[in-house]
């Protein structure tokens, strides 16, 4: 809850003497959780497919090999046929191959955005949390400004402000939105760490400040950040799709990304719904996979749920 | 070598309360520690007791410079510890170590026992060779009664008592002169408390340590300490040898405290006369004027107690008390009377500012 | 309380200034912009240079910014170059704001009306199939891109249920009083117009409600779970109170605190979602203007609308925080 | 095509009286004063309320008399005498006469300050040059004299093939002098990053056309025009036209299907078949545009080699492109103008797709490992370029097959694309043109009439001679000779210069409910709703 | 007949995928009207679960309760949810450990007191308020009229606990269960609360079940003491004999390991070795055997039975002989 109603510490040493670490007990519970397993399996399959997609894809995703079957004037696109199980897209490219290759680009966008957001957030959060004082105030005011804009709107705005849209600008737009989220999360737990007994103990031992930050505070603040990353992966993919839908996505579609494939066909949604449905379903499944994993991870790592 | 190892002089720690429309202004202070003098002799155990929130931990931390004191100084082994800076301070820290209340939270959950113990050695260049260090670790473990196999284990794999032993070993590793133990046993089960108390006593004899033991449990403090200081609302109200204090408490607060502690003996309990204090501990942000205790004191006298803050003075050899009327109370000249409890406002203490706006994205909103 | 409010309002001004400076300078640094919008494909370098000078776009950015601030103070936020070319950005905002409010309002109402009871039930039946089912359902709700859902709803529901697949375009058969489609009909007594407007709002607000619903559901569930574990619920049980008093007074009243905050935060999701939903259902609201503005790089409109969105978002959150203080005595007495 | 238009016009005759036509517009009109207008949405509305001295024959780009019954050039082609229709009244009741005509010309010529801006008086600047008091920018216009009430004489400084057809542009419609004065029509101000227009342009447009301004309901996003019952010609059948602004193309389609609107402009080619089968009337306009792949010779010296440019042309499978990506009725372009323009050269043969030839030409030019920076615009559709992304996909696919490496660059149309093209940054780019009138000058003259154009034709020696040839043709007063000159130029452009590769002419369409009669699709998108009827 | 008779109360927690856990294992005790019975033991020995089982507050799912809890002759465990609701707060009152979290933070104290009056005594809000004021007055809350309108966070810890006691006693229950009512409080406040409870129980004739881990509290308050270990009562006696001559090695060890205020300095403490984590299940051994200085072989193979020895109940194969000093500490 937002307003910590601090419960008086229980005066007993037994609650934690079960002898199992948070991570280990979390893992024990996760292994049994069908929800987590579902998420993990989805993500596993997704990652394998996306890594292997250049070899799995039967055709080049960018070659308009079925162009002669495209007749825009009659709204005809290549239907499913031997060798092209899902037919072709508006430019006569093999749709199935594009879907497969799309997984890779989607992974790149998701992971790229998350990593950039994470790195930015880590830097800001560590600065704020470890140094404190005016650095903290300055960083947090910046974070406040960023948080004053609804997140997706911020992403839209950032994406619209790039002179030359590309996959990178999409990644960046989605990533920047996540920076304050990570920064705040990290700062919060860094601050908590700063006043924690084991940091005090290290200070009392005479350990140098830098070592305390990097050996104690940072590692112990990471787990919420990692959980958040899993969830951000899902949001990043969905937000990238929203950017494409608004025409702010990567205009170069030789190597497709699911969100882009979905955004590009909005005008033919009613006549060729499968062009939208396939990438949409893929996005939903993968986003769900990441969310299931993230949510179960979060729940498992929540000390409240430890018993 | 002088007899006094530590001398705390007029130590004050005031935490600012910040408020403001745009820029934070300090609108008041929490007077957590407000003018404490004390001396700890080499090799003795000094016990510090008092109710929750009276500033014991803050005093302990200020002495270690884990909190910066607002005023006053601490002289350690003839050196002004409060004036040290940077590397000098860090080096000096080796000689003063701390043991914490919650054994689990004071150990980094991600470090093995080995690295917990080595960390301090490394910080002070004491891990010269691998063998020597290994030997030292083994010594430490046997000193605190842990099996050697513990080195590779992590804190969560131990029981509460064992963890506290690790914490003690960590402090011992640097061969300190003074160990400040902040409620070392209050998080432990009663049956385990004694193990740690005994251990601390043994180690003191073995290594000639000096202890400052902070606790709210007077029985424990009395048991372990040579001298006991009683704190009330940021100040020391009485200081005496532990037996002396129990035999003849001079300060009204100490009297009340002693009479309030239940003794596991029905015979004693049935006979005891309690001095029940009215009301609660006032807020350290708004301490009463004059004698801090006058709002609850059954011996309170008109005017002087409200206006003049009594200083700690030696009434008997080695027995100090901060009460204007200690002699009269001792002699029975002043008799206790009833006290009307005074309302204590809770709350208006420290409120972290509510952030400008909340979570940013769906996922964050999903993680309250 | 008052001090807190003032403090937040001052912070808001700061945020708006910083944000507008950032947006303004960034926009000015971009290629294209007003000049290329005005000249279109008939532009030549000389024409562009001349126009740039004419419009004062060659001056240093901070001078341009201060001029902009000066004009903004008089209500002139520039003229649209893409959304409704030639219209003043402020007019565009004012015209379109009611539609967005209306849509968001219905969406959040749906989200609350469904999310809170469902969240409570799921928490009560923690671990049961109903709980698992609704949790996964809410996660799917988060995973589905809003605009895709909007399309599906639009296609499926409008065909299957005969619901209108478009938002109201403005040709409501009622006299416009407030600009709110549903309200105008009621005010003028033209109730069929209100009904009609409501009918047109069903699909868009359902689409827009999914994410707030998922969030509200999950927060409610988590909060109720937390509260059910609280000692005071056990105290209430130990008093022998009836189940309904415990639910209302002890569980829900406490569980609503985080939910209220969340509702405030959902304004953000609503504003973002409105961009997508209004585009799909072509509802002439602020969201649609933003969508078109992004597409056509209508910087003056974008600048104003983004700032307005920020203000709305921050103000709603401020209101929520204040109302939070009203229901949570722990804050009220601060 | 013309047959199709013909049948429409016929059926238009017997329509019913009354009713409201609701037309889905993609955007809001910027203003209602046609002189300051620059965009199609504005023109569409203005066109219904205004008339010029001349107009275009419905369904064609041919000039016909409008407010002027007759017009005569002098022998040197510089003095034009217009005989005006009589008994014509402006919407405010004032009389239309030669004074009014000259008042309008003088108003245009006398623009001041912001009124002289390219972004404001664009059509004047493009077609008449400068204003009074702009010596560095000479004007084509010299003077206007009202000889008598029905005779206006206009003197020009030079001869141009464009005159008088430019007067058919909606921009040069005649406004009521009274209204212009009363509503401060010339008071244009540059404000911040845009212009503000006076009351005349915003609320009081006053012309002579079959419809009068009703209201612009910004809250409901509709523009309403009402019938002008005092119209001098055959009166409009409709009571009202409502332009309803629906920015989203799919939304317009659905609005049409739902019966909320009676028609809209530029339906997506992919929807044509579907709309037709749903019983709508997809009125296909004659293709009056050209889509080309622009080549910039400046940056890559290889591109200054004709062989390379020809190789590019051979490499692009234009036939396939037209068939797969462009709407019904689209044609491969053999030159930079459609066949309806005077000066179109029938003898130019279509270059067929030939990959081997392309490769060998590249090899000959020593350009086998050519890498080109190829731009395509995002966030835009144009009548000649319905889906830039798909077109680009097909073209770049073809070029890659010929071994050319492509460096893809995309920028938003209005967010850097045009700027970059103007500044000559790309090597190849997609662009096109929709004609304003039927003169050849409006086409090739616009493209290549200068040497610092988007193709940087000045880089090659022929750039200058092409420019001179074009100037000469434009100032040839004799129509037949002029046509011959243009035909020759077109031939040279295709065979010897090839500054860019013309790809296609694609017809834009207009979709209407089947009960809407009398709207004739125009190559110039000059559809008048005056004769239209509903039901 | 005793007011409350707990017989063979057993609570088994069954969680998915985990071994069933017997938190309370065959606990029996009686409480007479006006009597104070103590339940002592270290953390986790089942004190709270016992009290919650009596009150019917354990979760319906996951907890299996057997045995009988008869109150005034009716078995509370057999009552329906509705019937139990009618009794809680009226016949049975309960005070919890943490006074802050046990009060609803967003409901004024007044309402929290009056709601129980309204529920069980059918009073109107106004009457209930007057009664509530008297109650607060009685538990020693100064200025009760003002306090009624305040929220829990505005009260100090001691005041909150007083308010909780007022709530528990509002309907004059015959039985009050206090689960560590003073653990979260400072000693001086603890003394206030304990004396208040003593007073009230005496005045009202309420029977009290006092749950605590503090032997000192029990020594001063209880008539009869039950020492719990691992969910079972290992020793039950009247307080005087129990403290004078603890027979069970656990009780004995506990007493020896607590420093006493009235003992001389440097009297060595004798801790119990190991910790509660070293428990073994009661099923075929004595759970305390691993920590027991007196342990015999039989202790590890056979569950000791409850035996009546001179007025006290003892569950031990090898009880401490009265008068022996505590065993020396064994290093862990």
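By letter and in written order, the chains are A, B, C, D and E; residue numbering begins at 1 in each of them.
Basically, a residue touches a chain if its C-beta (ideal position, glycine included) is under 8 Å from a C-beta of that chain, and two chains touch if they have at least 3 such contacts.
What you see is a predicted model; the values in this text were computed from it and never measured.
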Q | Reference subunit B; chain at largest CA-centroid distance | A | D
Q | Greatest separation from subunit E - chain, by CA centre | A | D
Q.
Contact counts by the stated rule: is the higher one at C-E or A-B?
A. A-B
Q: State, to the nearest whole Å, the distance from the C-alpha centre of subunit B to the C-alpha centre of subunit D.
A: 87
Q: Express in whole angstrom the distance between the two chain centres, defined as the mean CA positions of subunit A and subunit D.
A: 47
Q) Which whole number of Å gives the spacing of the CA centres of subunit C and subunit D? A) 40
Q: With chain centres taken as the means of their Cα atoms, state the distance from subunit D to subunit E in Å.
A: 92
Q: Scan subunit B for residues touching two or more other chains and write them down.
A: 159-161, 189, 192, 347, 356-360, 362, 366, 368
Q. At which residue positions does subunit E touch at least two other chains?
A. 42-43, 98, 101, 105, 153-154, 275-277
Q. What are the residue numbers in subunit C that touch two or more other chains?
A. 11, 15, 30-32, 142, 223, 257-258, 261, 268-269, 279, 295, 297, 313-314, 328, 330, 333
**Q.** For the subunit A and subunit B complex, residues of the former touching the latter
**A.** 1-2, 9, 11-14, 16-17, 19-22, 24, 144, 146-148, 151-152, 177-178, 180-181, 184-185, 196-198, 200-208, 211, 215-216, 219-220, 224, 227-228, 231-232, 234-235, 294-295, 298
Q) Which of the residues in subunit D end up touching subunit C in this complex? A) 27-31, 38-39, 114, 117-119, 122, 126, 190-197, 217-222, 244-248, 250-251, 254-255, 258, 260, 379, 382, 411-412, 414-420, 422-423, 431, 452
**Q.** Of subunit D, residues touching subunit A in the complex
**A.** 249-250, 268-274, 320, 323-330, 376, 378-379, 386-387, 389-390, 393-394, 397, 408-412, 415-416
Q. Any idea which subunit A residues touch subunit C in the complex?
A. 1-3, 5, 35, 144-145, 148-153, 156-157, 159-161, 163, 234, 238, 241-242, 245-248, 259, 262, 266, 269-270, 273, 276, 280, 283-285, 287-288, 291-292, 295, 304
Q.
Which stretch or stretches of subunit C touch subunit D in the complex?
A. 30-45, 47-48, 50-51, 54-57, 67-68, 71, 76, 78-87, 91, 95, 164-166, 169-172, 176, 179, 279, 281-282, 284, 288, 292, 295-297, 299-300
